[in-house]
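So, here's a batch of structures to check.
In the two complexes below, chain A is the common chain; its partner is chain B in one and chain C in the other.
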Partner chain A sequence: MKYEIRFSGSGGQGVITASVILGAAAALHDGKNVIQSQSYGPEARGGATKADVIISDAKIRYPKARHIDYLVSLTQKAAVKFIKTLKKGGVVIIDSDFVDLPDSPDHRIYRLPMTSSSIAKFNRTTTLNVIALGAFAEVAGLVSADAVKKAVLDNSPAGFEEMNIASLDMGRELARAAKKN
Partner chain B sequence: MTTTAHTEEKILFTQGNIACAEGALYAGCNFFGGYPITPSTEVAEHMAEELPRRNGAFIQMEDEIASLGAVIGAALAGAKAMTATSGPGFSLMQELIGYACIAEVPCVIVNVMRGGPSTGLPTSPAQSDLLQAKWGTHGDHPTIALVPSSVEEMFTETVRAFNLSEYFRTPVIVLGDEIIGHMREKFRVPRSGEIEVIDRKVPDGDGICRLPYRADGKHPACLPNFGTSRFHVTGLNHDESGFPTMDPSIVQDSNARILDKVYHQRELIDKVDMRYCEDAEILFVSVGSAARAAEEVVEEYRRKGVKAGLFRPITLWPFPKKEFIPCAERAKTIVVPEMNLGQLRTVVERFARSEKILPVNLVSGEPLDPDFIVATIEKSKR
Partner chain C sequence: MKYEIRFSGSGGQGVITASVILGAAAALHDGKNVIQSQSYGPEARGGATKADVIISDAKIRYPKARHIDYLVSLTQKAAVKFIKTLKKGGVVIIDSDFVDLPDSPDHRIYRLPMTSSSIAKFNRTTTLNVIALGAFAEVAGLVSADAVKKAVLDNSPAGFEEMNIASLDMGRELARAAKKN
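Up next is the complex of A and B:
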């Protein structure tokens, strides 16, 4: 199977980092074929930036995402811009503290209060991208929990390992709660 | 100046530009001179980080002309030297590329292509310099240009670029593009020894060589290192001693020789990825990231029973005509997808009837995708 995942938000929120961690988890720890790419250019600072990950069991030829299965959006601007790229039956994960999209029969929306949960627990939002990554990992189940954890640790600066793992777990917890509804 | 050789195998999930830098280090590159430019900057960044740790040297110059000047100087002093740039910087380097050709200085020039002309589209992919790589510098000169289409090939082709450059004593160009340079894939850095690394031939004994341009049969001459030896280096036509000459027969022979040393040993240079070419009726000819879109289309066509094939020159210059001509003759249609307005097509036209050729050109700054190729083919049928 082949899946295309798009992380989107505003430049500086760490959406590229989230995509690189996901890519590394799937490629290095789960042994999948993976290509990660990102948009460069003026829009990469502020505005609506995106980073894509393609995960496949088979060889990936064309390296860019074409039919998005999972869209993660951390800003309204990015959500509105990239919802058009989501394929029918796709899944959207949004930070409901800042983003909303109308319900649609074409896709399922997970509205997760990422920012408020992060402030409540950590008193900051620096790891919002890791929370989003945890939420995605839980919703999609495409990458093993162990692989994601290892990749997060590989990419954590010294001293931030614990907070990143707690953020990953928080994202999973928010997704699990939303799944029940 | 020596570099610490790679010993351990590494598995990385990284960008093409980083893989390129790793390839250079694997090949023993110990000097980088450059001027950072999008979308090639990560090559310079990685070399700036790694070279000082390995007893190598990194220098950021004031512009791209000076960058290649520094690289040529370092190469003459015995270093394995490289630079990395993109279209605008590549334009500035052209004069010194010619200098390196006539002075027979081994060096590697990486051009991670972006949109042009001029400053064009700094952050967008293009294949705008396929012909500049061949004919950008004036005068008759040999050109070796390699076009990777994956992160792994950014590594292997950079190693090969150093090998060819050291063996032939000539500059070798690696043509990446923004997509291949910036995307991340998994690849394995091989243990040292797994891929052959070729070093230039140096004079025997005390290293002194009074005739640094006396070729050894069809092989290039030895290259003495400044520091152990000294010799005259010039961009003027010169004799075997390296000093300028206008002797017509010497000039005639030496101009021919720098081409012949490369083109008479094509077997050491040619490299093509051929998929289903043996029975392809619709043949795609494409390089770099565009070739990955073409390969996707070829697979889709094959699944539908259409006899499609892909001819992907990994060595673009010299163009692998020996391999190409039979494929071109068998094909009924030759599709040439490229992110420029027909540069590769001009070469294909030399070897195939133009009515067979269907160009697919995109210069919008967007990646050339499989749907665009299919749509262009469908449109041509109407």
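Up next is the complex of A and C:
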């Protein structure tokens, strides 16, 4: 099985970090083949940042994401831009405090209030990317919970471990709540 | 012009972060086309981590690094493994406190005492990756000094800005000293 995941948002929201962590979780802790990449063209300065992860049981022949299975978008601009790259039957996870997309028979949308939940609990939004990672991990179930947790801890600066794990859990909880609806 | 750069070392040394920063510097601040990627296969758990950056003025057609122009290696294991991927005429930058490679007519080697310099000045080695980035930037001259500095600051957690800029400068100084020899 092979899956393509695209994290997107604006610069500074940490979508690259979320992708690096996801890639490390799947590769180093779950033993998958992974390619994690960011490709910057002339549009990169326009404010819609993306970072891709390909996770596969087999060797990955073509290293570029082309048929996205899971799209995570933290800004409207990124959501509108990259929804076109989602394959039919794909899944979208958005921060519903800032993003909305119309319902479509072609994909399922998880609308999660990430920013407002983060402000309510942490009084800040600096770990929005980790919340999004937790939401993705819960929705997709592609990577073991233990692997994701280990990779988050490996990538946490000293003193930020607890905050990051709490953010990961918050993302999972938001996804679980949305799954019930 | 198109260049392929490979940072390598062991897990936890921050070679991915160095590559992400280099890619962002070239793309977001210098306006280049960039693909930055990490590919993890079964060997990823073996301790030789690599992260690649392709920098080009033109659109990058093939996203995988194949003919490395600049190899940065922070461990002997990584150096021995990835020297094979360096193209003829390429440049190697190594932490000479832990790595050595034999001279060869096929490439130039910069042997820089990164770890011992870092310990002497900072009493730690947590920013070895940024020292290596500064050394690469100085040796290659592919990315403007201002772009690299901005990208380092963009990627510094609060409170670590000064330490990271000092590390970048240290890498540049080590490279300049080696160039004179």
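Just so we're on the same page, the second predicted complex is superposed on the first by the 175 of 181 C-alpha atoms of A that agree within 3 Å, B and C clash if a C-alpha of one lies under 4 Å from a C-alpha of the other, contacts with A are read in each partner's own complex, and residues count from 1 in each chain.
Note that in this section contacts are C-beta pairs under 8 Å (C-beta built on N, C-alpha and C of every residue); 3 or more make two chains touch, one makes a residue touch a chain.
These figures come from a predicted structure and were not determined experimentally.
Colleague: Here chain A is shared; do chain B and chain C fit on it together or clash?
Modeller: Once chain A is superposed (C-alpha atoms), there is a clash between chain B and chain C.
Colleague: Looking at A:R61, would you say it contacts chain B, chain C, both, or neither? Reply first, second, both or neither.
Modeller: After superposition on chain A, A:R61 lies in contact with chain B alone.
Colleague: A:G89 contacts which: chain B (first), chain C (second), both, neither?
Modeller: neither
Colleague: So, does A:G11 touch the first partner chain B, the second partner chain C, both, or neither?
Modeller: In the superposition, A:G11 contacts chain C only.
Colleague: Once the shared chain is lined up, is A:S37 touching chain B (first), chain C (second), both, or neither of them?
Modeller: both
Colleague: Between chain B and chain C, which one contacts more residues of chain A in the superposed model?
Modeller: Looking at chain B versus chain C, the one contacting more residues of chain A is C.
Colleague: On chain A, which stretch or stretches are contacted by chain B in one complex as well as by chain C in the other?
Modeller: Residues 20, 23-24, 27-28, 33-38, 40-41, 63-64 of chain A touch both chain B and chain C.
Colleague: If we count contacts the way the header does, which residues on chain B are in touch with chain A in the complex?
Modeller: Per the stated touch rule, the residues are 11, 13, 38-39, 122-124, 178-179, 182-186, 289, 292-293, 295-296, 299, 367, 369-371.
Colleague: Could you pull out which chain C residues touch chain A in their complex?
Modeller: Against chain A, the touching part of chain C is residues 11-12, 16, 20, 23-24, 27-28, 31-42, 44-45, 59-60, 63-64, 154, 157, 160.
Colleague: Write out the stretch or stretches of chain A touching chain B in their complex.
Modeller: 20, 23-24, 27-28, 33-38, 40-41, 61-64, 66
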